[in-house]
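Going in written order, the chains are labelled A, B, C and D, and every chain counts its residues from 1.
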Amino acid sequence: MRNSMRLLLASCGTLALASAASADTIRIGITQNNVGIDSYQTTYEQAFIEAADANPDVEVIVLDAGGDVARQISQMQDLIQQNVDAIIVWPTDGQALVPAVRNAHREGVPVIVTNSNIAEAGMDFIAAFSGPNNIQQGIYSAEMMCEALDGEGEIVQITGMPGYTTAIERQQGFDERLAELCPGVTQLDIQPGDWNRERAQRTMETLLTRFDNIDGVYSGDDNMGVGALNAALAAGRAEGMVFIGATNFAVGYDAMERGEYWGSVYQSPVDDARAALQTALDVLAGEDVPKLNYFDTPKITQENMHEFDRPVF
Amino acid sequence: MANLTQIPLLRWLMRNPIWGFVLIVFIFFSLSADNFFSERNLMNIVVQASTIGLIALGMTLVMINGNIDLSVGATLALAAAFAVDVQSWAAFATWGNWQILPAVCIALLVGILMGAINGFIVWKTGVDAFIVTLGAMLGIRGLVFVYTGEQSFYAMNFAYSDFSFMTIGPFPVLAVIFAVAVIAVHWLLSRTVHGRNTYAVGGNREAAVNAGIRVGPHMMINFMLIGFLAALSGVLLSTQMGAATPNLGRDYELWVITAVVLGGTKLTGGKGDIIGTLGGVLAIGILRNGMNLMQVPAFYVLVILGSILIAVLFLDKRFNRTADGGLRL
Amino acid sequence: MLLTRLKAGGPAIAKQGILVAFIVFMIAFSLMSDRFLSADNIMSVFRQSAIIGVMAIGVTIVVIGGNLDLSVGSMLSFATVLVVDLHDKIGPELAIPVMIMATLCLGAINGFLIGILRLNSLIVTLGMLSAIQGLVLIYSGGQNVDIADQSGTWFAIFGRGAIFGVATPIIIFLGLALIFHVIMTTMPFGRRVHAVGGNPTASVFSGIPRSRVVFMTYLISALCVAIAAIILGSRVMGSQNNVGQGYELQVLAAVILGGTSLLGGSGSILRTVLGVLMLAFIQNGLILMGQPYYTQWLVTWAVIIVAVWLDVAAKRGRLFSPIA
Amino acid sequence: MSDAHEPALRLKGIVKTFPGVRALDGVDFDVMPGEVHALLGENGAGKSTLMKVLAGMYQPNEGQIIIAGQPVQMTNPIEAKAQGVVLIHQELSLVPEMSAAENIYLGELPRKSFGRVDWKTLEDRSNTILKRLKCRFRAEATVAHLSIANQQMVEIARALTVDARVVVFDEPTASLTDAEKVVLFDIINDLKSQGVGIVYISHRMDEIFTLSDRITVLRDGTYRGTLTTAETNEDEVTRLMIGRSLDLSRNEAAPNFGDTMLDVRNLTCTGLFEDVSFTVRAGEIVGFYGLVGAGRTEIAEALFGLRTPTAGEVWVDGAKVEITSPRDAIALGVSLVPENRKEQGLVLQMNCRDNMTLPQVQDLTAGPFVAKGAELAIFDQYREKLAIKTPSWRQATAVLSGGNQQKIVIGKWLSMKPRVLIVDEPTRGIDVGSKSEIHQLLRELAAQGYAVIVISSEMPEVLRVSDRIVAMYHGRVMREFDISEVTEDKLVQAISGIKSEEPA
């Protein structure tokens, strides 16, 4: 018994030495929202690791919260525990992470929020935000919808997983801008598709039954948008129906090429990941970094699609 | 002398293989993961494990009763929503920091009420608890969405989230609350009449009925206790977040059941204890924390946790094989 | 014959709790939405429920055999990702058998752990739920998979095609239900599954190879998942890694709603089909009525408890449980 | 203030109905202080219902319960106990993971403040009671680790936690060996001498005539009469119970046996039985008699492929065989009617026909389907042959009486046309009428040329059906008797491990 204790203490000693030796490399921890739920996040993770590997001074610790806020908070604590130099967090929930961010701030660990922003109350405690502007994306989609329908028509909306920030913000931007820009376009119903193509397809089938006339469909991402498109194609009602998405996926890009899909918002996970890492490095280098660093997420439509590469996911 | 002390310890470990497992992973991570063996990290583990742990205490009671509760994750979310939302009710606007008090009380009452509904249905309809609470798992989650309107609630008052960072002496307050709950439920189960009746009802329901134990209300009380503990867990979780989200606690029921079963409680009822459950909770907590520290990729964590669960079940069966005397059935 | 049935316990109508509830719901919904009973809508709901339905057939057999299978959700993700990914790599004619074999292997692991080693099925399949989800992610590296040429592949027939005007998923679903109903009610294997689920000890004492029967139920469950994955992959022409997440509970809810006892030994595939359709019609009907999606969870809660309650009450001959 | 002529307990005109059934129809019953009053009746006659009414578990629809002259209402078992009425259950009603003390005081553990259990009082009191029962285990012992007999003692100890006026014993000897019965009877006599009224329910005539002062008989929920034990005999009681006399004769050895069908040589299963050798010939019934735990059931299980013998040989019909699974046994024509019909014999929620054809359902096929016609033919054949009473083959076996359930299990194995039929405790928990029918049946089977092994813990049963008797003690065969030479004394000696002076 006593022997094993001594062994433990001895090993702790050597570990402490080992971490002390690598003190001049920069250690950055990242906790992601839910890798594997969609390709965007997976590609983001790969791009992030690649970018970090390319920089010999950076060592990264990559964690995944699996969509669970509580686990993400634990991971924040674990990262603080490991004395990382900075934490990058992709919030599972913009609201619920505020105290954890505040705690890191108190512990002197700068926090960089990536992809979807943290709630207003937490803005004082973060070093910077880097990512797309989800509300702006919703606005872009509303503008495209308006343009495609010439300001008149009846549409349905398929949102992401209820209760998650990205879904809420895109819906918010879309709803507000649409009402303002095109009062002539009415939203018949809003139903969730849970970021799941099959579920979106099922929901769309029911909506097609319910409404004799649907002029347009806005989906929280292209994955669901293609599901809705599939439903409409199967029902023989896709002709003349306008499909607009967000986060352009390869399937969406292809559908656009075939002329079945009207437009989306181009958002590259590679840009997203690189921007996050760069922002973190800038913060650590003591540069004067603005609080909000939006990277560009332009509209992509059938007309301008060839200016963009086909998404890799 | 070494022999004399070792033998009871070994025998104890054979009966509680999960603690042997906890010991092994503890030593393993101490040796192989940076920063694992430090006071702060160990406290972190306890705090992190307390969310699942508090519910697991209640689940132990319910499972010893021969029932199960799948609705705890949803109850946790509902209680968290109330705890955060009630603070901002106009009625308590002038209460200052005291507005937290009625909020927490209402949240805990909501948890007890959800447990009471489950317990009452199980008692009166005689439908299996698995089915009743599977329904409630969907239904209560529905209530969460009705109540929150899909939005997250957040606490304006930072005093609420500061609570979770408080310490009592060297110990984080959340760890202390968990420890108190562990001791209280252990005491309840091993020392009180209600606790002993819990074993009786699960071990031989017929006998309990014949002995005049009012089985229905008894089970209902245990459902209310797990409702309370799930709500408490939700409240504490919401203090860590300063907010409540409608998706909080998804899949927690599966981890809670896993922890309790790892701890040696029988799904058929009548057998189990809090010491084992604590071992199960710590085992999962240490594994998650240690794998985070070792940066095991998320995809592999799923495979490892799943395999370990099955492996421990297998070992438990080897060690604690019932004396069937070699009959091949 | 009817007389003996009536005498055997309670009025026959009370024994069909699910059927009563189903009819009540269909009438209520059709009064509230004129589109509900349209041929298009009914076809559409049948088609949508095919995936859950095919899985529920397998799970019903596992449950009649006295066990649970919670791993079907992850297994569906696994099978769908595999068949879609292999479709473009080795062609559908090879992708389908390879995927079926791989899925059967997972079923065999379940069967080995539960049937042969006799580990508790709830915990084993819970562990497998997690482990298989991990496997899917490792296999795909977390990327979605898609079929490039969606219109040119004959693979489309399973999810999007129709035979004599009836959508293929419906034919597969109802056909499988009928086949397994016949197996379970008229073939020796079905009898054995009922016996093993009803009383494993007595089955062994009757010379029934209990381990092998349980093993087989998990293979059947895996086979059903594989078939559901073909429909799903063909319908969506792509797959996410977590596409089956949460399906295990929907499937289990349908099986329970169909009156299959979790204690094993009794249950019916046809009633499971009713359970599946009922859940699908609730979901569909509430959207048609313009209700927010979460009302379906509240309604499902009530329906599960009331339907099972009626079932249990009819069996014991009184509404409320006699325990004090 | 109760004088000697005031009954300790009196039931007047008790009526209890369930939906569609009149379980008790105007039953009168009383028990005097210091009296053992036996209650008799076939299964389904209403004994259990009456007991549940007594114990406060059922409320009668009509009638009165009078205790010590006062009419009372008892709405739950605790109230009944407070009134001094204690029920000792037939099936062990214990919680295995709890201590003996907790089981003795189940439902009324002594309390301290905050609902805490008063362990000291609990254990002191329990140990006192166990001492009074001459038990050699402590109250702290976990019940799961006690022997069946000791568990029964814990059950009985419950009666002594209160000043009982009336103690009801429901089949208390079902799982006791003869030696343990003696202790139980001492306790009953002890209680009796303290002025407690005893209600004693049993199927075993010998016990009832040893113990009781009066006998009350129920039939089909109605009261058939009360007899004074000293003035009656088994025949009279039986006629009251089933409306006809029973054949109580001992078996006369049948003259002509066929070839040796089963030959067991030096069979050993370490720790369970050692060096067991015997033979069974076609047309012969060999009875295995011994105490519970003597290894008889285990031998049967080994012959049926459920246990792996560590040494020895088994020959069936002149050929040496290896039986490693029930399937092997069935293929060789060895059948086992197991000891516990509810747990091992039947799938209770399955119907009668399916249960009966279960071992051969794989072979009863027409194409891929089960041949319903063939199945029904088998069922009808054995329903007729064994006189199974069931309204239809669709009836779930759960609702049949014990005797009919047992007949289904026997029919199941007869339909396999076995060469060797092993029957383990064929009449346990079965009423007198069905019992003699089953004995009759076993004799007929032997006459048709089956080789039969009957394992039983009841001496009258072994004597009635066997041609030869193998007496076992502690995993070993002590002696083998021919039915013509056996006496009860010799049998008792053999199964108690006493070596007889004259070799067999």
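Note that in this section a contact is a pair of C-beta atoms (placed from the backbone, for glycine too) under 8 Å apart; a residue touches a chain by one contact, two chains touch by 3 or more.
Not measured: the values here are computed from a predicted model.
Chemist: So if I look at the partners of chain A and the partners of chain B, which chains show up in both lists?
Modeler: For chain A paired with chain B, the chains in contact with each are C, in label order.
Chemist: Which chain pair is joined by more contacting C-beta pairs, B-D or B-C?
Modeler: B-C
Chemist: Of the other chains, whose C-alpha centre is the longest way from the centre of chain D?
Modeler: The chain farthest from chain D, judged by C-alpha centres, is A.
Chemist: How far is the middle of chain A from the middle of chain D, if each middle is the mean of its Cα atoms, in Å?
Modeler: 70
Chemist: Which whole number of Å gives the spacing of the CA centres of chain B and chain C?
Modeler: 30
Chemist: How many angstrom lie between the centres of chain B and chain D, each centre taken as the mean Cα position?
Modeler: 44
Chemist: Mind checking the centre-to-centre distance between chain A and chain C? Centres are C-alpha means, answer in whole Å.
Modeler: Spacing between the chain centres: roughly 33 Å.
Chemist: For chain B, give me the residues that contact two or more of the other chains.
Modeler: 145, 209, 214, 298-299, 328-329
Chemist: Pull out every residue in chain A that's touching 2 or more other chains.
Modeler: 35-36, 162
Chemist: Quick check on chain C: which residues sit in contact with 2+ other chains?
Modeler: 137, 142, 201, 204, 294, 324
Chemist: Strictly by the criterion at the top, what is the full list of touching chain pairs?
Modeler: A-B, A-C, B-C, B-D, C-D
Chemist: Report the residues of chain B in contact with chain D in the complex, numbered from low to high.
Modeler: My answer: residues 191-194, 196-197, 199-200, 203-204, 206-214, 270-271, 325-329.
Chemist: Across the complex, what residues on chain B touch chain A?
Modeler: 27, 30-31, 34-35, 37-38, 40-41, 44, 47-48, 51, 145, 148, 150-154, 156, 158, 161, 164-165, 237, 239-251, 288-289, 292-293, 295, 297-299
Chemist: Mind listing the chain B positions that touch chain C in their complex?
Modeler: 121, 123-128, 130-132, 134-143, 145-146, 205, 209, 214-216, 254, 257-258, 261, 267, 298-310, 313-314, 317, 328-329
Chemist: Help me check something: in the complex, which residues belonging to chain C touch chain A?
Modeler: Within the complex, chain C touches chain A at residues 33, 35, 38, 40-41, 44, 47-48, 51, 137, 141-144, 146, 148, 160, 232, 235-238, 240-243, 283-284, 287-288, 290, 293-294.
Chemist: Looking at the complex, which residues from chain A come into contact with chain C?
Modeler: Contact set of chain A toward chain C: 35-39, 41-43, 45-46, 162, 189, 191-192, 195-198, 201-203, 205-207, 209-210, 223, 226-227, 230, 234, 249-251, 254, 313.
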